[in-house]
Each structure stands twice: as structure tokens, then as C-alpha cells.
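What follows is a set of structures for review.
Next come two complexes built around chain A: one with chain B, the other with chain C.
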Partner chain A sequence: MADTSTKSVTASAEHYATTLPEGRNRPSGSVRGPYEWTLIALSVIFGLVSFWFVGTILFKSIPAFKQQGFYLLVGNAWNPTDGTTPSQYGALSMIIGTVETSLIAIVLAGVVGMGTSLAINFLLPARLRTFVATIVELLAAVPSVVYGIWGVLVLAPWVASTFGPWLTALPGGATIFGVSLAGKSLLLAGIVLAVMILPTFVAISREVIGAVPAELIEASLSLGATRWQTLWRTVIPTSRIGLFGATTLALGRAFGETIAVALVAGGVVQMNFHPLAQGTSLASFIAGQWGEAEGSDQVPALYALGVFLMLFSLAFSLIANRLVAKQRKAAAL
Partner chain B sequence: MTDTQSGPMGAGVSIAHGMVDPEVEDPRLGPTAMSLRDVSVTFNGRTAVRDVTFDVPANKVTALIGPSGSGKTTLLRSLNRLHDLTKGARVSGQILLGDTDIYNGGIPTTVLRSRIGMVFQRPNPFPTMSIYDNVVSGLRFNGVKKKAILDEAAESALNAAALFDEIKDRMKAHASTLSGGQQQRLCIARALAVEPEVLLMDEPTSALDPISTKKIEELMVDLKKRVTIIIVTHNMQQAARASDVTAFLLMGEDGAGEQIEVDATLKLFSQPSDPRTLDYIQGRFG
Partner chain C sequence: MSASPDLLDPVDTLIRDHLRERAQATLKRRQFVSGLMTFLCWTAIAIAAVPLIMILFELFKKGLPYVTSWAFYTQLPQQPTLFDQSHLGGISNSLIGSLAIIGYSCLVAVPLGIGIGIYMAENDTKPAQIMRTVIATMVGAPSILMGLFAFGFIVEQLHVGFSILAGSFALGVMMLPVLASATELAVRNVPPTLREAGLALGAKPSTTSLKIVLPAAITGIVTGCILAISRAVGETAPVLLVIGGTVSAITYLPSQPGNALPYQIYQDVISNYDSQKNQSWGIALFLVIVIFILSLSARIWAARKQKVRR
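Let's look at the complex of A and B:
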């Protein structure tokens, strides 16, 4: 297969070489002009910058790995040295905080977002559909600090005074959700993240669901399916690859979000992962800790958090790509 | 266009010199499966089909023919209430399935649609399901869970759609691995598995090659024992070959489809009573 295609490419290249006017007829690959050099130079710049960036982060984090070893990944304390005891830098609570806030966000945003996308596609009249879609896309473009400040000023007091105590008062609530102290909490961070990634999720899932062929929906209904059955067994399965993409993208945004989480999670390093407990995430902790870290052995440790964040994102997108490819294949077979 | 080339005259002539006297054996003399009374369909006040009235004989094939825009498909889709999905669509008049008024008789649309199945222009198997899951999907929608029942229904429906022998060894394969003609027969099987009384077919062969088309036409003749078929077709030869009764629709001056003539197929193609029918089946327009 591959052989024949290369052959045909070469053949057409030769065909061109012989049919091009004199002077334009250049043996392929020997002489490069400004066109080639410009593109090569620009792409080399990109390569160097990427290398520089990844290299620096990895290199600068080495002292932390040497100093802390495995503790860096599984430790749960973050104590710079006080002169007598050695520094302790463990990323576990940031890692769990990141995962927990992102999960809360994607579950909330996923449920509300799916409902919204389905409503936009199947309930709204066509004229309103475009209008609502535009609004959603505009919301997706609002900078995250705006969501963060809204979270601090509006949502946090509400969680502190009303929602938190209500959750705690539920049967078993104190055990599951914990107790809200000042309103700032992992749950609040998750909610703010959910609000933030909701438009991203809806923007993509709306399009994906809109792409489900009408004839499949009609096929389902014509067999006597209810509208709910048509959603669950036809619309959602058919668009699952795209919905997965929407989830991945939204989750990626929640994962790396810094400012909003820094503002509302509480910034506390502790091994208490009740949703109403305060906590922190990798990204927001790096940003919040930077000021006081400068010049100390905390800097390599913060770089190490950066490495973890990078690795998690990498693993995440690899898994996502793998799953999407697998589903594509299954759908094509 | 193909109609004009393929010469409906041929069909008409051969039937005219046929063995049966159309006056004697009117296929509509038996029991009636569906009745249409002054059926009109409007979209946002614009009439697409006006005042259609005829009976659909049980266990026969009734063909709806007419040029593009004559409202054949619109009329067909009113028979299983598919227009309910379209905002601004309104169906008036009366459509009876047996004795039940399908719009005002209080019958739930889900029940109605399991009694009136449908096959669409392009094969539309569910792409995420296997062949087997496609066939039994309608039964599952209707709450059937027992594997033995599903298995039996799947085999029976696939046999009825003349597909079982071709795919019996790969029931778990994705439906998209089938050829276009096989996919369409799968869609027929899927509709039959629910055991409908009536099967609506909306130009079921328009996306298929001639061999697949022939298979489906032959299939329709067999299927009559099992269901009443109403088929929309662009292909007059198809109507002449495969149907017992033909309804000819034409677009009126205001763009609404109107019923010109409904008669036994043999009669309509040999001695049409309306000159416009003659013009159409002789390929003078459309």
C-alpha cells in the first residue's frame, strides 16, 4: 500500500518536472530558496523554544527530586526548612486536590452541559438556536479570573452560609462532605471550575449532537422509541466520540486552571479531602507559592510540581487520544 | 428522469396486454388496513398536501407516485406521525389505522409507530450497534428483554428480509460492514422485528444499485403476507411491477400536492382515467 502511493507521488513529481517550463525545472531537494529557508527557520525557532522550555523545567526540578526522592510524589507536607529540620516537599495533596476539583467540575458541567446541548438541539426553534450558541461561545471566552472573582464574592459566601451547612446536615453529610469553615473549599473550586468549563463543554457537545443525522433519530422514533430512549440509545451513543472530546477539552481546562482555583480553594496543604475542606491544586499552588519561594530550595520543588502537571496532562491527552482512536476504529469496522 | 428513459410505456403496454381484466380483480375489495380521509399537511400555514382520501388495502402494496414536490413523502410521513417532530407542521383530516384515529384516537405515538414501521430513502442502521442489536433495537425500545424472544424475532425478521443466510455467521459485526443493499434489508428486518401491521417505505431503493433494488422489489411481494406496504417511489416501473394499488399525486397551482387518481395498479397504468396520469406515466413530464 505504502509503496504504491510513494511510487505514484514520485511519478507525478517526475511528470511535473518534465512538463514545467524551462528554468522552473529544478531537481527536487537539491537547491533551496527563500521559501524553504523561511519555513525551516521558523520551525526551528519553535523547536528550540519548546526544547528550552521543557528542558528548563526538567533541569531545574532535578535538585528537588534529589533532595526529596519519592516523597515528592507521595508526601503530603510542604514545609520549607526552618534551619534545624530539613525541608519537606510532598505533592500528594496538590495532586489529589487537582483531581478532586476537576472531577467535581466535569461531573457538574457534564450533566448540566449535556442537558443544555440536547435542549439547544431538540427543543429550541432554529432562530433561537444560533443566538444561544453564540452566547455560549462568548461565555467560553470570558477570562478565568472573572469566574474566580465571581466565585469568591458571590458563590463563596453562599456556600459558607447556605449550601455547605445544608450538605453537612444531610444524613451522613458530615462524613461525606465534611464541614465548611470559611466558604472556601475544594467543592467551591469544583463548582467555579464547572461554571467556567460549562460553556466550553456546551459549545462542543452542542455541535457534536447537532451532527447526529436526523435519519438516525427518525429511525429510532419510527421503531416506537420514546424521546428519552432516542437520546440514550441513539443520539448519545452516536456522538460519543465527540462528547468524549468535549469532556477531555473541558477537563484539560479544569486541570490547568490556576487563578480561579487559587482564589476559592483556600490554598491549604492538608490531607483532608472532604469536598467542604480547604485544599489546593498543582497549578494554583505553584502560582500562590512563587512569591515566598524565590531564592530558597522551594523553587526546584515548585518546578517539580510543574513537571507533574506536565506529565499528568501528557498522560491525560495520550489516554484520550488512544480512546478516541479506538472508538473511531470500532465505529468504522 | 430515469423514469422517462426506462419508458413507462413499456410497463403500461405489457400490463394492458396482460392476462387479467383489471375491472374484475380490484385488489381493494378485501379488508382495509388504513383509511385516509381529507388528509392535508401544512407547514407554518403553507399547504404541502391537500385533501387526500383513499383506502389502503390490507396485505397489499400501495404505491404513491408523482413528480418531485407532489407531496408523496410528506403524505407518507404523516402516516406514522413523523411530522410531530417538525415545528409548525400540522396534519388535518382523518387517518385511521383499522378503527383507530391515529391523531385523535388517543393512541400513544410510540405504540402507533410500533404498529406502523418505516424504511427510509437511505439505509440508516444504527452505526454504533451490531447487526443483531440493530434488528432487535425496536423490540428493546418496546421493553422486550428476554434473549430467547429477541433471538427468535431477529432470525424471523432477518429471514423475512432475505438477509439471514448472508449474515448469520456475523451477527455481532457492526452494521456498517454490510453493503448498501444489505443495510437496507437490515433496516427492513429491523422494522419487521417489531411485527408492525403496516410498513411505510420511502423510496427504499433510491440509493441502491439495480441488483439490490430488484432484491427488495421481490422481497416486497413476499412481505405482503406479513404486512401491508405503502411505498413512495420515483420509479414508475417499480410501482407497476411491485404494487397492487397506485395513488398518483401532482403538485397543484399553489404548490400543494393533490391526489389525481387512485386505482388498482393494473388499471391505473393501462387505462388511467385522468389525462394527467396518462401524461405522467408516458413520461411527458416529471
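Let's look at the complex of A and C:
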């Protein structure tokens, strides 16, 4: 138990995968010494930092909300001007692009990752298991920019030169995929994100599935259930809280990803959300626009995108926490 | 319920026979489904392995020539020209820049994160619970938000400008929640008997924490630090917004604008020259090797430490 922290990819995996052991309360009546005050001071600093974190991003975005109003949320054009005519900043296509790419990613990574972790735990020979698990955890630490350069330097040219023309040559292909296949697309971004979050997902779900008590599995098998019946009716329901945690963590990584999406989605603001069309996402658009935005009224608008991203992330983590707590309560009963 | 099979209630026998018959009748179908799903699981692991192996293969194939040359580490990057694409220089400034950024951010984030973690582990008060929620949220927050924060606070409010300090600040804020929750978990995993033994011997709570609990939790804390650092080293987005990206000189002072490895990768990839695009594989491979070494050594060290204790 003591070395769980070495096994997990991130600490928040622990947050979902295990219940924290009972905390130690300060013995009542003891005096606070320099040690206790230091800890309290550090915590206060942290409180200030996190408060200032939210405050700065909100504060910096105010001019954009004043200037654009509701258009910022529902508008679909991004037209910076030199100031002679009013500029337009609408975040709708980034919001939809974010949702679309991360949904593609989580569906792909979820299905493949689930099968992979079941296979690692129940199909691979025991000797290979630790080896594969270590590889998976190392891959989870690979920086996202590496997945990005693979997407833009290997995958996108291949789509543009080989896969795209093949798709268009299919009967009816030109009408169904009637979008220019320049290589970069929302779908490609989703696929690169899926590859990127797969190790994270598998690292956690493998650990969670491995923690299912062997007696449960043996009981199911001894009653005559087949391997799949055991996995589907015993293993997965038992580990569902942890699997849910793995999914939320992976989804969180996908929708906040900046560089990989910036490189492969195309960075185009348009209201065409065909998976093969080019698009952008909240985080990647901020990074892509940053250079040219400097000093203009575009900076507050980009901060407003940050506000949306922050709200997304906050809502997401609150819902995840609520669901995990509910599941835990149900499991405890 | 009953002792021997022949004493079974006739109804029980009926139910048992019915269940057995059904199990027999569905056996073929169940076995088929199970076989199919097992096959699909094998397929899944194959599908997962293909792109990941492709990435590693490409990374080593294209990156190895760069990583193995000494000049790659000692030269400044150079802008290639249309006529001479091969003049690329190296990564000396982004290497130093990354070291500086990580160093400065650790200097503040590590003690702060560990302190917060200990506080949360030792107190179950309301503020500690709120902090725990805030930290769980921050761990999952998109990293580019840290960049926006650093730009708004360090670059603009404090008028430092694009600088290594702003980059370290962004990465520090990113590392903080990871460090804190790793520390909290490590401290909570120390058996309570250890702390009670310390207190029972008359040691002050603070002495018990510092001299007994912390040494017992040090494996988890150090591993958490290394994981946080290896995540921060490769983080591009927050650094991209605030460090300025100098190419002409080696900079490492907090107030100077600087360069960093992931920043250089991004610049290379979006360049128009194929040679420069190709160089990004070299930097990426170097980064991946550093991260692998960091996390493997943390793992091995923790495993050995664990063994010694037993």
C-alpha cells in the first residue's frame, strides 16, 4: 500500500482510485509552534495564489465581455481589426471544436483502452504483465508535444497524400467527405488526442482492474461463468468507480490539450464541424493566436476563451467528484 | 441449507435442474461470445500498440543522429536559409533555459507543495477539506491557464515582461497541486502507529512529524517530486505564452527572456524548412530520454528503498 504513489501516473488518479486513509487530527490542547505556523502560512500562500489565479484570468477578460457581450459565447466569427471598425470575437466554433475533438478522443481511447487493460490483466502471461505496465506508465509521461509532432509530421502528410485521395476515390466519397482533405482535420486531432491519452487511461484502469479481489473472479468462474461473463458482470462493475476516474482524467487531458491540437487541427475558425473539416479548440486557439494578439484588444478575448476553459474544467471536476462520491456511497451500502 | 442432496426440497431440485439445463443450453452461445470478446481484447491491445510503437520508432529513427552529436548540445540555434538548409545549430540555449526554468520553479514549488501536503494530511479541518477540493480541480486544469495566469500576473501586473521568471512561475503553479496531493497521500500512508509511538514517547507533535513521519513518507514525496518535474519539463503551452523565446543568446537569469526545449520543438515544427522540422525529432527524443530516465530512476529508487525497509 505504501508504494501506491510510485505506481500511479498522477496523484489525482489516487484521488479517484483509492479512498484516502484516515487523517490525523492535531491532538487537542497542544500548542501551535513554529512548525505548525509555517504549515499554516504555506497554506495561506496557496490560498492566495489560487484565488489570484482565478481572479487574474477573470479580471483580464472583462474588457472582452464588455466589448462583445453575449456574442462572445454564441458568435462564430473571429475578426480582429485595426480599430477603425469594431472587431468581432465569438467563441462558439472553438467550444464546439473542443467538445468534438475530446469526444472523438475519449470514445476511441475508452474502447481501445478498456480492451487493452483487460487484455493486460487477464490475457497476457504474468511475466510480461509488469513489463507492459511499466512501458505504459512511461508512455503516459511522454510530453504531448511529441504526439503533436508525430501527428503533424507523419500522420497529416499520410492523410493528405494517401488516405485522403483513397477516401475521395470511393464511390460517393467526394460527396460524403466533400471537404478538402488537406491532411489536418478535427478527426485527426481527435485521433492524435486518443493516442495521447491512451497510456494515461490504461495506466489507471489497469491498476484499478488489477485491484479487483481474486476471490470474486474465482467465485464467478467456479459458478460456470465464461471468461467474458466474469469480466463483464464481475470485474467491470466492481471497478467502475476507478474506471470512471480514469475516464474523467483522460477526458480532462484531452479537452485541455493545447499544442497537439494546435498542430494538427488546422487552426481554422469556421462553422463547419464535419470531422474531416479543419477546426480549432479553446486551448489551442489561445496558443495559436497569442503571437499576433500581443497588445491588441484580442488579448482580453483570448482571456475570455480561458474563462470558458476554466468553467469547463471546473464543472467537469465538480460533476466527476459528485458522481464518484455518489458511487462510493452506493458501494458502501 | 440442508445437509445432504437427497434431503433437498423437491422444489429446490427442480430449480437446480432447470438452472443446470439452462446453463447447458446457453453454453455454446456463451462460449462463442466469450471467445469473440477475448479476440476483441487482443485486437484492442494490438490497435493500442501500433501507433505508440510507430511514434517511438519514428522518434528514435529521426532523432538519434541529433542526440548523438555533441554540437547539438553546445551550439545556439540558427535560422536556416533557403540556400543552405543544413545550418541549424543546436539547442544550447533552450537546454540551459529549461534547466533554469525548472530549477527556479522547483525552488519555490517543492517546499510549498510539500508543506501544503503535510498540512492537509495532518488536519481534517474545513480549510483543509476546501484546499483538497481546490487542489483536485487544479490538477485537472488545462495547463494553458497557468500560462494566462503567469502572463497576467508576472508579465503585466508586475511589469517583468516576457521572462524566464514568468515561465518558472507558470510551471510552479502547475507543479504545486501535483506535489501537494502526492505528499498528502505519502504522509497519510504512514502507519498511524508510528506517529502514536512518537507521541507516546513524549515527543512534540512537530518533532514527531519532522523526525518520524516525514522520513517514513520520503519515498512517496520524492517520487511525487520527480513525476511533477518530468511533467513540467515537457510542458509547452504555459511556457509558450510567457518566456519570449530568445534564440541569439544563452539566458538563465529570471528577468531575462529565454528559451526552453518544448518551446524550441514547437518553433521547429511550425517552421517552413524541412530540415528544421526534422530537428524537432532530435529535441523531442532528448526530452523523452530525460523523462524516461527521471521516472525510471524514481521507480527503481523507491523499489529499493521499500525493500530495505522490509
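Quick notes
Here is the rule we go by: the second predicted complex is superposed on the first by the 277 of 333 C-alpha atoms of A that agree within 3 Å, B and C clash if a C-alpha of one lies under 4 Å from a C-alpha of the other, contacts with A are read in each partner's own complex, and residues count from 1 in each chain.
Criterion: a contact is a pair of C-beta atoms (placed from the backbone, for glycine too) under 8 Å apart; a residue touches a chain by one contact, two chains touch by 3 or more.
All values reported here derive from a predicted model rather than from experimental measurement.
Counting the residues of chain A that each partner touches, chain B and chain C differ, and the larger count belongs to C. In the superposition on chain A, A:Leu216 makes contact with chain B only, while chain C stays out of contact range. In the superposition on chain A, A:Thr84 makes contact with neither chain B nor chain C. By the touch criterion defined above, A:Thr226 reaches both chain B and chain C.
By the touch criterion defined above, A:Pro125 reaches chain B but does not reach chain C.
When the shared chain is aligned, chain C comes close enough to touch A:Pro143, but chain B does not. When the two structures are aligned on the shared chain, A:Thr234 is found in touch with chain B, with no touch to chain C. Looking at the shared chain after the overlay, A:Val154 reaches chain C, while chain B stays out of its contact range. Overlap of the chain B and chain C interfaces on chain A comprises residues 224, 226, 229. Residue ranges of chain B in contact with chain A, taken from their complex: 80, 82, 85, 87, 109-114, 117-118, 120, 122, 124-129, 137-138, 140-142, 173-174, 176-177, 187, 190-191, 194. Residues 1-6, 9-12, 14-15, 20-27, 30, 33-36, 38-40, 42-43, 45-47, 49-50, 52-53, 56-57, 59-60, 111-116, 118-120, 122-123, 134, 137-139, 141-150, 152-154, 195, 198-199, 202, 224, 226-229, 231-232, 248-249, 252, 255-259, 263, 283, 286-287, 290, 302-303, 306, 309-310, 313-314, 316-318, 321 of chain A are the ones touching chain C in the complex.
The touching residues of chain A, when paired with chain B in their complex, are 125, 213, 215-226, 229, 233-234, 237-238, 240, 330-333. Per the touch definition, chain C reaches chain A in the complex via residues 23, 30-31, 33-34, 36-38, 40-45, 47-48, 51-52, 54-55, 58-59, 111-112, 115-116, 118-124, 127-128, 131, 133-134, 136-145, 148-149, 152-153, 157, 173, 176-178, 180-182, 184-186, 188-190, 192, 195, 199, 204-206, 209-210, 219-220, 223-224, 227, 230-231, 233-237, 240-241, 262, 265-266, 269-270, 277, 280-281, 284, 287-288, 291-292, 295-296, 298-299, 302-303, 306.
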